[in-house]
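Note that subunit A is present in both complexes that follow, paired respectively with subunit B and with subunit C.
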Partner chain A sequence: MVSTQTVPVEHMTAVTVRPKKRRLSWTQRFSLWGSLGYLAAFFVIPVGALVLNSFQTVDGWTLTNYAQVLSDGYYLGIFWETVRIGFISTTITILLSYPVAAFISRLSNRGVALVMVFVILPYFTNTVVRTFAWIVILGREGALNSFLIAAGIIPEPLQMLYNELGVMVGLVYVFLPLAILIQFAVMRGIDTNLLRAAETMGASKVRAFFKVYLPLSLPGTIAAALLVFIECVGAYITPALMGGQGNTMVAQIIERQVRMGLDFGTAAAVVVILGVVVSGIYVLYDRITGMTKLFEDNS
Partner chain B sequence: MSSAQPALEVESIRKMYTEHDGVREVSLQLAQGEFLTLLGPSGSGKTTALMAVAGLTDLDSGSIRVSGKDVTKLPPSQRDLGVTFQNYALFPHLSVRENLAFPLKTQKKVKGRALSQKVDSMLDLIGLGHAAERRPKELSGGQQQRVALGRALIYEPDLLLMDEPLGALDRNLREQMQREIKRIQRELKATVLYVTHDRDEAMSMSDQVCIMNAGRIAQIDPPQKIYHEPNSEFVARFLGDANIFGARVKSKNADDYVVELTSGAATGLTSHRTFSEGDDVRIMCRPERTEIVPAGEEGAYVRARIEHISYYGNCFRVNGECLDTGASVIVETQQHSLPEIGATIGLRWAEESAVLLGEG
Partner chain C sequence: MSNRIGRIAIAVYSVLVIVFLAIPMIIITGVSLGSTSYATFPPVDPSLQWYADIAADPYWMDSLLLSLGVAAAAAVIAVALAFALSMVLVRSKIRFKRALYTLVLLPLIIPKLVTAVALYDTYYAVDQMMMIVAGHAIVAISTAVIIMSATIRSVDQNLERAAWTMGASRFRVLTKITLPLAAPGLIAAFILSFLASFDEFFIGLFFSSPDVVTLPIRIFTALTHQVSPAVAAVSTVMILIVAIALLLIVIFNKSASRKGASTKVQLPGNAG
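So, the complex of A and B:
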């Protein structure tokens, strides 16, 4: 359904209409060159260096690093594991955030302001600190296990940390606010009269949801899923602190390569492959829906 | 079900949001094919009443029957109504054709070829065959309005509810759309409950006009009657300019009254409302039924001083101030030799042109 949408007229004109040439003021020049310089210093140069690095060994220019990474079951296993955990965590995040975002989007402006404070609040603390809070809750002697045992629901503590479950709980928790915010922005623009209109035409509430609300909210949900997935795949802190031996994710491998083996070449190749995979997913999404669609209004 | 069955019966419905806001004691009846308009100032409860009929607002009390069937407890999806919303509520992710097909696909009464034929003939009726594949946002306001109308009519509901459907359009387009809606309504013999705050729209389109004020019905009557025989000062003034004078009932004989104006002049008139001798009342006469006579003349009911004269092509409008009470008066006349500004004139009217209003 989404894929059949025609390109709205505004977008085509937005591309072809160019601003008139005019002289820039000193402050404009300063901020233009300033931001370009910033980009060069903190993005283009390091990423460029990284890419160059990935094609180098002590023997000079080569594809050895890539060959090594892509032929080694260990690396491939970790790539697969990373994508799998990222996918499951993203799915859970979306399932939890969708109803929450839909609920918040129906509140009054005051209600939104109030509830959003609680959604965003975790961002005011450091990720490491927040993750340790979860360790306190989920640990063998942690709050949740103590409660479940006291309540007689389980005989002995469950292993909820240093395994896959721990990593996923951590990832979902960290990226939930992001997913809520992105979907909220789209859902807030959906006119609830559309649902009422559908009902007067004979649609049940369920049908009105699937035929009207879901398609209209989908661009936000896909964007949220995409960003959360990218973040999950690149996450380092959460799997490092909450995962076990078997739950190594890509970011940790990169860190380990650099720290232990000083093998910059292999580490760089892993980073580039990860970057290509993530960019590929983004391009795919943009082909299907168009990121720009997010910013259309639904009125 | 006989065709004599009313299309809609609303029985003293009540829905109060607060102590003052909402609707109460609202009762209406619409015959099949009738066009009734709820007219009133903003906040008078028109939308609330309409949404109650649609089932989109829960009632505190009262009952609603559509074609004889009690629908008070039914959800909107089971009331067999068409509704158009003020902002059109077209589905932005669907084309014009898909918007029109939406209710048919939902109700599953027609399928396949029959469905697309129905959509095509509705596209013809609303004149949008050339724009069938466009999205709502690629249409003009008037075109969107027609899609909304078509989508509400395509499944031939027993009753069409329209909430200020032309409110977002500019003046010219609005008048064109008024005729369009009437044409389609007549063609399909649709029963319509219409909401507007524009009195010209209400007067020109309706079989019956229902004036709402502060959540209650002030009066329901056909346009001509409600204009010339309002039952209250509120209705009189809401529908147009009105000359209103204080008076007292001198004598009565069944429906025939003799009243004495504050100016001292006496006049006879007929009223079906009951007043007693000595009651304080008011007399209302429309500007186009009020006549200018020389001030000293026998039979002038009221004397006034001319303050302003404006020419309207088909008539003059004379604004003045009543000499006895200081109330403003207005006369619409085709008479060409008018006294000058500042001159004193007499006003009178034919007995059958004036109506008695109660206090308040």
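So, the complex of A and C:
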């Protein structure tokens, strides 16, 4: 800290090293409280109220809602189904995206720009639209069935929609761009000289990959897997449009209960459980990638 | 030799996955160009008939215009709040800074469904249109703050100090120095906030009324009834809007880097 008391000419310090003030100016205070006020009104208070609601019934404060949700086979079945579908879809997404991200990360800047168009455009396209495409492709009279029948591979249309297969294809497709983008960012930063060094020192290609490239790329892959899993367990559009009766996922029962307006307490409890699980996974993600460190001053 | 085969195998595999990503987009466009009353690919007798149909149909046009308007309004709110908040968080030494950043990131982290249910629970009686805009701004604000705080950090404070010591008022420093220097970031934040709102599904799911239906909800509802080529035409329009928005970011980024500004825009995760 530069002490202003020892410098007699005040404006000189103002020009050179004006130390950051602890006191905020009125514009800063207005900016801070204005934006925090908005966040409070439309985010913190509603979410807080929802959490409080989950601990309430007509009889007052209680854990009944949670007890009811966690002891009901119907809810538990849906939780299990959601986690299972999320886990399988995440695994397939990672297996598909890892080699692609590695491949793109070795291209020239031009090559990256060209290929990334096919990753970024779907990434920003609405999930409803992307899911719709798969309904056209996988439907009974859809593009794939027509093609397979015309080619003489199958005699009659396959059931590829309104079942678990449909949901998984949809989820993998929807979250594949996210997985590629996150892993690409990490892989682009890997120094490929390290691989060459390992090989000149006698390591085989396979050994160099497992001992050098895989460990260096793993943080990106774990981060991608966690984020894709978070998105999968909260997915609504894909299971609603591509799943059958037996493939109901958590987001769907939340929507149904909230809209029907019955028993908001249990619905709130399910929302809080989903929120807590996702936040927990996110803390892990943050440990690995340091997302919140994005904001830290470098100076 | 095996080295080369391995490399070719990875390249082929990657190209196949990228084709897998591209095919659905191509199929949507293809279906929208058909003339039949049902969705089919490849299109029979290509025409722009379905585009003419949706352009004449208030059912689709109202929702398209609503979603564009909401996205613009939500983006203005999100960027204004993000700018104000980032100016304080980056430039001052307040306590709880880390906690505030985490708070701002939360709307991006917790499922949008949770945010939407919470808003609906508290504000179900409030005007739907207002709540859709207010909620979409919340969904967009995390991305806006990520970009704005990086942008403001890259603005050289010495330039502001120079203007200030030469007698410029605070307001003049803001409008003549800070805002122009932050312009590339402001534009990028606006476009990405716009896209976040345009993409948002859940808030519309709860706050839509018969007169106020966002475009994703309109498409979703149409898909639960029947798969019509009109949906493909609307979807193609949505893809085009996203493509134009992304192209604008690239163009502004290029012209900004030509002028020597160092604001790099990254794309944070917001799928869902």
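A few comments on the model shown:
By definition in this document, the second predicted complex is superposed on the first by the 241 of 299 C-alpha atoms of A that agree within 3 Å, B and C clash if a C-alpha of one lies under 4 Å from a C-alpha of the other, contacts with A are read in each partner's own complex, and residues count from 1 in each chain.
The rule is short, and it goes like this: a residue touches a chain if its C-beta (ideal position, glycine included) is under 8 Å from a C-beta of that chain, and two chains touch if they have at least 3 such contacts.
Since we're looking at a predicted model, the values are computed, not measured.
Contact with subunit C, but none with subunit B, is seen for A:Gly234 once the two complexes are overlaid on the shared chain. When both complexes are overlaid on chain A, the residue A:Ile182 reaches subunit C alone and has no touch with subunit B.
When the two complexes are overlaid on their common chain A, residue A:Ser31 makes contact with subunit C while staying clear of subunit B.
Using the contact criterion defined above for the overlaid structures, shared-chain residue A:Pro46 touches subunit C, although it does not reach subunit B. When the two complexes are overlaid on their common chain A, residue A:Gln159 makes contact with neither subunit B nor subunit C. With both complexes placed on chain A, subunit A has more residues touched by C than by the other of subunit B and subunit C.
When the shared chain is aligned, subunit B comes close enough to touch A:Ala197, but subunit C does not.
Within the superposed three-chain model, A:Pro215 lies in touch with subunit B and out of touch with subunit C [touch as defined at top]. Residues 298 of subunit A contact both subunit B in one complex and subunit C in the other. Those residues of subunit A lying in contact with subunit B across their complex are 1, 5-6, 8-9, 191, 193-194, 196-204, 207, 211-212, 215-216, 298-299.
Residue ranges on subunit A touching subunit C, taken from their complex, read 11, 14-15, 18, 20-22, 24, 27-28, 30-32, 34-36, 38-39, 42-47, 49-50, 53, 96-97, 99-100, 102-104, 115, 118-137, 139, 141, 143, 173-178, 181-182, 205, 227, 230-231, 234-237, 240-241, 251, 254-255, 258-259, 264, 267-268, 271, 274-275, 278-279, 282, 291-292, 294-295, 297-298.
Subunit B contributes residues 54-56, 75-79, 81-83, 85, 87, 89, 91-93, 102-103, 106-107, 135, 137-138, 151-152, 155 to its touches with subunit A in the complex. Per the touch definition, subunit C reaches subunit A in the complex via residues 2-3, 6, 10-11, 13-14, 17-18, 20-25, 27-28, 31, 39-41, 77, 81-82, 84-85, 87-94, 98, 100-107, 109-115, 117-123, 134-135, 137-138, 141, 146, 149-150, 153, 161, 165, 170, 195, 198-199, 201-202, 205-206, 216, 219-220, 223-224, 227, 231-232, 235, 238-239, 242-243, 245-246, 267, 269, 271-272.
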